[in-house]
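Naming follows writing order (A, B, C and D), and every chain is counted from residue 1.
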């Protein structure tokens, strides 16, 4: 299936793009394995949150991904 | 000697005027004795402060008045 | 630090004043402000038609200037603006504008609130309201004294 | 209660917005507000030439609306206004305006400060600055976390 990955803040620099599509089996581990190791490492930082289709994921263990889902990787915010 | 009395806030209503001149001997007691009893009573409220020539009086006992002085009677404030 | 304290008898435009103040303090990260206006509505005697603020010239402006100086001493501010009206006002008219510019947000908020608390209960103003056709002096509120005690 | 939350990509005029908000809340005694602007000056890499705020549409505005709702629940407000910019800005440009109208001054100040603290460290914005010709992401400040813990 195809997923859309969105990289916010400094993760955009790590990814080199703001968004990209990736064709993988539907698990976060599969996504991480398919990405460049430096990017996977950046995305694995414990402070980074994940939203799927605009909903913040609170329980990664029970995450189920579907074709066409948008995954946003959200580093610590720095607003206002 | 002649003193100028200024009545602020609700004391203006008690005095009937915002300001008046009074010719008396130079003590606060002499002023109070020369005023109408209702006004004297209103001015004697412990919460009322006194300024002489624009300077707040902190020690009434050592107050010395001179001809032409302006005495302002200042009830509790209610600003902003 | 630029510090502007004004006591004015005519109307003023708080938004325009605040715009000028913001532009003058571009080096500040933020500006906290408070606009007090004559409340549209009723008191216990009926609809408030007018409000009057009396001051005593020899004390009121010097007192406001001392207040601004105290706020400057207490917080690192880039600028402080205090504008207070006197005279007769109608519902909706602005009474007071306080604005504090600072590099750090909390300093700006604290200074603005400090200035407002002192203008309310420790500055030389006397207020009366006209409601139901009659003028009545407004007594200080206990809440105002409680507010100012926070800064002791 | 009227509550207005806007996320905008273009420039805005905080003073004009505040004037309209004040006029719409004549029944409130006061309006506390905060204007955040791009600080003119230098960071450790040199003069800041530009600032960019990134957001994530599916989360940012809904998060701001939830924040406004939380402030309304917490204080008796007559009105609340939150305007936040995104995109590229220059020194002196306004970033954020928060205004809270309330009958009681302290409620207005508390709500405005609460909203600002949450916009700073608990809202979906990412900031980068261009200084010395190079863009760098700004990390959250420890002070911002300390600020928000006050409301827990």
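In this text, a contact is a pair of C-beta atoms (placed from the backbone, for glycine too) under 8 Å apart; a residue touches a chain by one contact, two chains touch by 3 or more.
As the structure is a computational prediction, the values presented were derived from the model and not from experiment.
In the assembly without chain D, touching between the remaining chains defines the groups A | B, C. Placing every chain at the mean of its C-alpha atoms, the farthest one from chain C is found to be A.
Centre-to-centre separation between chain A and chain C, using Cα means, comes to 50 Å. Averaging Cα coordinates per chain places chain A and chain B 76 Å apart.
With each centre defined as the average position of its C-alpha atoms, the distance from chain C to chain D rounds to 23 Å.
The residues of chain C that reach two or more other chains are 36, 116, 120, listed in rising order. For chain A, the set of residues touching two or more other chains is empty.
Pairs of chains meeting the touch criterion are A-D, B-C, C-D.
Here chain D touches chain C in the complex through residues 13-16, 18-19, 22-23, 26-37, 39-41, 91-92, 94, 103-106, 108-109, 112-113, 116-117, 120, 143, 147, going by the rule given at the top. Listed in rising order, the residues of chain D touching chain A in the complex are 36, 53-54, 56-59, 62, 84, 95-96, 116, 119-128, 137-141, 144. Residues of chain B that touch chain C in their complex: 6, 8-10, 12-13, 51, 53-56, 70, 72, 74-80.
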